[in-house]
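Okay, so here's the structure we're looking at.
Should a chain be cited, it is by its letter among A, B, C, D and E, assigned in written order, with residues numbered from 1 in that chain.
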Amino acid sequence: MQLFFEQLLNGIAMGSIYALVTLGLALVYGILRILHVAHAAVYTVGAYAGLFCYSYTGSLLLAFLGGMIFCSILGVAIERLVYYPLLKYPPYVPLIGSIAIMLSIEEICRLVAGPYILTFPATLPFPEFQLGGVTISSTLTAVYVITTVVLGLLWFISTKTELGLAMRATSQDIPIADAMGINSHAIVSIAFVIGSSIAAIAGILVGIYYNQVYPTMGTVPAYKTLALIVVGGLGSMPGAVIASMLLGVAETLLIGYADIPLPRDALAFIAMIAVLMWRSEGLMGSK
Amino acid sequence: MDAYLITIGTLIVIYAITVYGLNVIVGYAGQISLGHAAFFGIGAYASALLTTKAGLSFWEALPIVILLSGLIGIVLGLPSLRLREDFLAITTIGINFIVEALFLYVPYFGGALGIGGIPRVFLFGIKLKGMAFFLLCLSFLALVIFICWWFTRSWGGVACFALREEESAAASVGISPVRFKLLAFVIGTMMAGLGGALYAHYMRFISATDFSFPMSITFLSMIVLGGMGTLWGPLLGAVLLGILPELFRPIVDYRILFYTALLLVMIRFQPAGLLGEGSIVRKWLILKPAGGRP
Amino acid sequence: MLLEASGLHVAYGDVRAVNGVSFALEEGELVSIIGANGAGKTSILNGIMGIVPLREGQIRFQGEDLTPLPAYRRARAGIRIVPERARVFPRLSVYENLMTGVYGLKNKIDLPRRLDWLYGLFPILKERNRQPAATLSGGEQQQLAIARALVSDPKLLIVDEVSMGLMPKLVDQVFDLLARLNREQGLSILLVEQNAMASLAISRRAYVLETGVCVHSGPAAELMEDPKVKAVYLGH
Amino acid sequence: MTDTLLQARGLSKHFGGLKAVDQVDLDIHTGEILGLLGPNGAGKTVFFNLISGVYRPTSGTVHFQGKRIDGLPSHRVAACGVGRTFQIVKPFASLTVLENVLVARGITRYGTFRRLWGPWQSKSETRAAMKILERVGMAELAERKAGLLPLGNLRRLEIARALVVGHQLILLDESFSGLRHEEISQLETLIRRIRDDGITVLLIEHNMRVTMGLCDRIVVLDHGRKIAQGKPQDIQENDLVIEAYLGSRGGRHAA
Amino acid sequence: TVKIGLLAPLTGFAAADGLSVLNSVQLAVERVNQDGGLLGRQVELVYYDDRADGKEAVALSRKLIQQDRVAGVVGGSYSTPSRAVAPIFEDEEIPFVAAYAVHPDVTTSGKYCFRNGFLGMVEGKSAGYVSVELLKAKKIALLTSDNDFGRTLAEGFKAYLGDQGKAAQIVFEQTYPFKEKDFKPYLSKVKETNPDLLFASGYYFQTGPIVQQARELGLDVQILGEEGADSPKFLEIAGASAEGFVIVTNLDRDDPRPVVQDFLKTFEQRYQIQPDMVGASAYDAFMIICDGIRRAGSTDGPAIQQAIAATKDYNGLTGVLKGFTDIGEVVKEVQVQIVKDGRFRHFGVVQDMTLITP
């Protein structure tokens, strides 16, 4: 029972991290219908930028802030310079652009910071808990708290403000959205700022959680999150969160209770195909 | 000729064969497939297993390999009948990951160790290596291009074009979406299977990572850069993306960055491909728009 | 002058759709543009709204030069469009579609009253409030597009093929509505309509367009009597 | 003369709780022009989609020339000789106008695997396609890319496609909307001629002048149900129809 | 000049190893040239980036042979590319010495292919020996990296235990995928079985987190790793948790021989980072080829091959090479290191010939 509980807590933490990375992707997908694979590279850059700020200032707050600002700039640059001009082409064109961006950023990280794994030796100032004989470490607490806050804010923005409506209108017909007085280009950029900031948070969190920051740390999230946004129902943010949590928990429990031979990445995709066979529009998608 | 150049050339031709298959699926029929490397891999593994474990020769195995690839293509192409375009895109990525995982984790497929000792190809009792194998691949490529050319001029081809443009309108003039999507998938995956078989017998050692998702993206980039849906685009793309990284060899540390950055620039400024509508090449050559193709 | 357009040129690649059209619209006027298929009417309207870029030409609205402004700034200046083929946001619900019509200016108008008024005009919209717009019938989408353009109380309403897909009863209602809004509330309207008879009947002035050039203009009543216009557009 | 070409019985299509088409019985006689009228959202387009195989009915049957076709997929219905247009036009955008029509000419080949491999741009096919384009008055636009045409031309292109396929029955969904007067007259003539060639026409149209002038018979739907059918004059005077559809002023502007 | 080739993954996921290899081999080149080169000529290194990818490596091996005309090649890359190129060097009769690739097929291609690293079986058996004999474990848990290396290591480990007639028993065994980052689910399970030793195989970016997360979960068991963990990066990632961690590897940092101490010092001075096993092995692989050329007195492939095959008691960086077996596998002692005060230190050595002979 205690083992189960421990596994569950780990699973939720892992799901939270998936959710943070996936959200940005779902956001961008929801608006531009682009598979923003480079999002994972933004996340990597976030970790590096955070680490850089941290090692110069020693302040975690500044690390998060610096990472978010840097990633926002990067995200908006990607959108303005590459995605926006490619919008009218079939989706695989920006996808290839996105993958090229991702690989380029990985290379730049390697050239600038070296190929070695860097460590992120910070502790997050959160308390540790004892719960029924299980210790919830401060890092886990941090993951839970930060995820909850980010999700809450995002939920508020997308449902309680006009911005959410503008984003969805923009996602469907940019010229007409403009004709309704929506500054769609700005809206798209805002979406990238939000998505990239969350990616930065996720990157830093992961860097600290695993104490590793390295150029190719985005590779696995890059593709796994694709499966997650599909399971969630493309572009649906609540769906993306639910899918992430489910996958995080399912993965840990499967490892904990069955010696499954398949790697986790394939697992995510198998789950995805199973969900699609059952509901072809994903968990929360609309037809 | 230099063995190094022949090596590069042979790989390019093998890729081109595979990429022509992808062009049928994506360019002609408009079905996004981001998992083409899986079918390339299925061809390679099938041929490797048939020749190493079942003791067939390359030529005996080839028809089986091609049929098998087509068959698996049909089965895995089935989601394309049910799913919306963007879901399909990611599903095909998933298929790629799953197929790769199967190669990697099923002991019968050699697991992480891959399959080695794949025999060379013999023709009329002569061992084909170097130039000879290159020529063999080249003849297969010619055949594949011919099939593609024929397909675009046939009713089957135009049915696919129509499906690509407007599915419901196509159905209203008698085109069965199911039949023609699967037709494109079968042709495309059979070509990938052929490419895979040649690859296996050329490398003579294959492992799952050779057929991972980045390979699919390379294939797709080749057609997009060359010109999606055009007859010569896939070849141009394969040659271009095959040669570029080699040209950048001298700048060791910056090579991949140069390559990816160049890819990005080309996609950004020639999104319709070098042979696509409105491209610089078309402007130079003052080509007429190709009939039936975008 | 509320709207002054001079020397408009619109082209798509090599296709020149509009070649130097000029026209004007006074505050409180209802003006029609009529013309054959492909004459460039939609291109002009979209050019004014900013949905397609202008190659050349100038647009002044309330004395202000709109030419360099993007579409959303024009919209915020008080222009609204009912686009050709409705172009509602397919995956937004009917209600959300209406809300895009007042994006950024909810406080300045009495939203509940405007909605009530529109629901009164187009009861189906109230009935289908939560349904995604994509599943509406063609005519229902057209009604939604009209309503979407009207929630915000615009200064200038641009209407492209407003009667397309509407049933006769509604065509009457919509033309009455446009005429009434123009007459009673002084709403300025720029109208494009294949049904030339109906549109001329409620217009003060009209322009006749042929292959991207303006070939006639004048008071609507006069044009209705013009033998050539009659023959080609009115069918008498 | 009252030979029934198509027979719908108890045809229904429900979307969730919404009864878009509800228990409709309808006969189409060979060689007539039948008008399908009704308010916006009455279920006319859905009815078309039921006949042409886009939707599978919730209940009810459709027989075409005695053969049951409900639930058949679109392409099978098309192969029976039923051509249609779409209310929201659907050209094959990146093909030329001529190629759009050529695609439809393949109707006889798409069903048999063996006949798929011949060339599609042969001289004889092109000539036949050009003839159709001349009939709808689009011959001079043959080489234009369909996606760039204005709406009116697209409507005619759709009719051309439907004509190729529909050697028995063609379904026209608001094919006159977006056309100006002169073009409407041309199309009316065309449709009469089609009928004279022995092809049956079912059309949806809100333009009363067209329906009254063209249709031999009219059926009116409202809220998915059939509320009236009969000769154009009778329909125009039917109170239910006036109330729901024409309006008290009889569609003055729509004339 | 005498040209010697090197294939290493300088970009891509294995870039860190590639860089380490390149840096070490460049030190070796300098060393050789300072000492007067080979056969009176300078040595020139021709290196290419194979991205740890078989396809690239195949083309590059042809390039090395045909265009650069190298006398021998150091395989500074992973198993996949090394396996793909081995038959080519065999065909062209160019000696190829794999530095640390572990797959058995690398050397089975023929007599021109050698390996300076340990085979999985050798290292696995040695790890078994260390567990039972040096660390006195009775209940052992195995957490295995799921790749060719991890699997053969586990096999060797179990083979050793089997031979010992159940002196110790395996209470837990599981593999984890190569790209795994979160080991808590596995470690929680390990904790349940309450072993007294955990043999965790994998690269430093896997074992580092394993050690760290084990301690975080309160799993205070002795952990044993292998050469994959032999990296300064391991120490960084695991931080304080690393203390007391033991590995079997081929580099003894406390080896008093000048070759070793010079290398350690120069490397750290030049590159501001501690050297690792991968680099050290590549250094040796390069030196083995040079030694072969020197003794053969020629740059002719077959001659060098014979000289390398006849290597005996060569004073290498990774220990004294007793020689190569018939198939080209190295025979040398296995080193055991322990983490003390944040550095790898000497802990023991496995000398039993039955264990270390492949």
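To be clear about the criterion, contacts are C-beta pairs under 8 Å (C-beta built on N, C-alpha and C of every residue); 3 or more make two chains touch, one makes a residue touch a chain.
As the structure is a prediction and not an experimental result, all values here were calculated from the model.
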> To reach chain B from chain A by way of touching chains, what is the minimum number of steps?
Replying inline: 1
> Can you list every chain in contact with both chain D and chain E?
Replying inline: B
>> Centre to centre, using CA atoms, which chain is the farthest one from chain B?
In response: C
> How far is the middle of chain A from the middle of chain D, if each middle is the mean of its Cα atoms, in Å?
Replying inline: 49
> In angstrom, rounded to a whole number, how far apart do the mean CA points of chain B and chain E lie?
Replying inline: 37
>> Counting only Cα atoms for the centres, state how far chain B is from chain D in Å.
In response: 42
>> Touching at least two other chains at once: which residues of chain C meet that condition?
In response: none
> Out of chain E, which residues touch more than one other chain, so two or more?
Replying inline: 11-12, 146
> In chain B, which residues are in touch with two or more of the other chains?
Replying inline: 253, 256
> All pairs of touching chains?
Replying inline: A-B, A-C, A-E, B-D, B-E, C-D
> In their complex, what parts of chain D are in touch with chain C?
Replying inline: 15, 38-42, 44-46, 87-88, 148-153, 174, 177-183, 185, 206, 208, 244-247, 249-255
> Where on chain A does chain C make contact in their complex?
Replying inline: 162, 165-166, 168-169, 171-173, 175-185, 286
> What part of chain E is in contact with chain A in the complex they form?
Replying inline: 11-13, 15-16, 18-19, 146, 174-182, 184-186, 188-189, 192, 204-205, 208-209, 212, 216-218, 233, 236-237, 239, 273
> In the complex of these two chains, what residues of chain E are touching chain B?
Replying inline: 10-12, 47-49, 51, 53-55, 58-59, 62-63, 65-67, 80, 83-84, 87, 103, 105, 146-148, 151
> Given the complex with chain E, which residues does chain B contribute to the contact?
Replying inline: 2-4, 6-8, 11, 111-114, 116, 203-207, 209-210, 246, 249, 252-253, 255-256
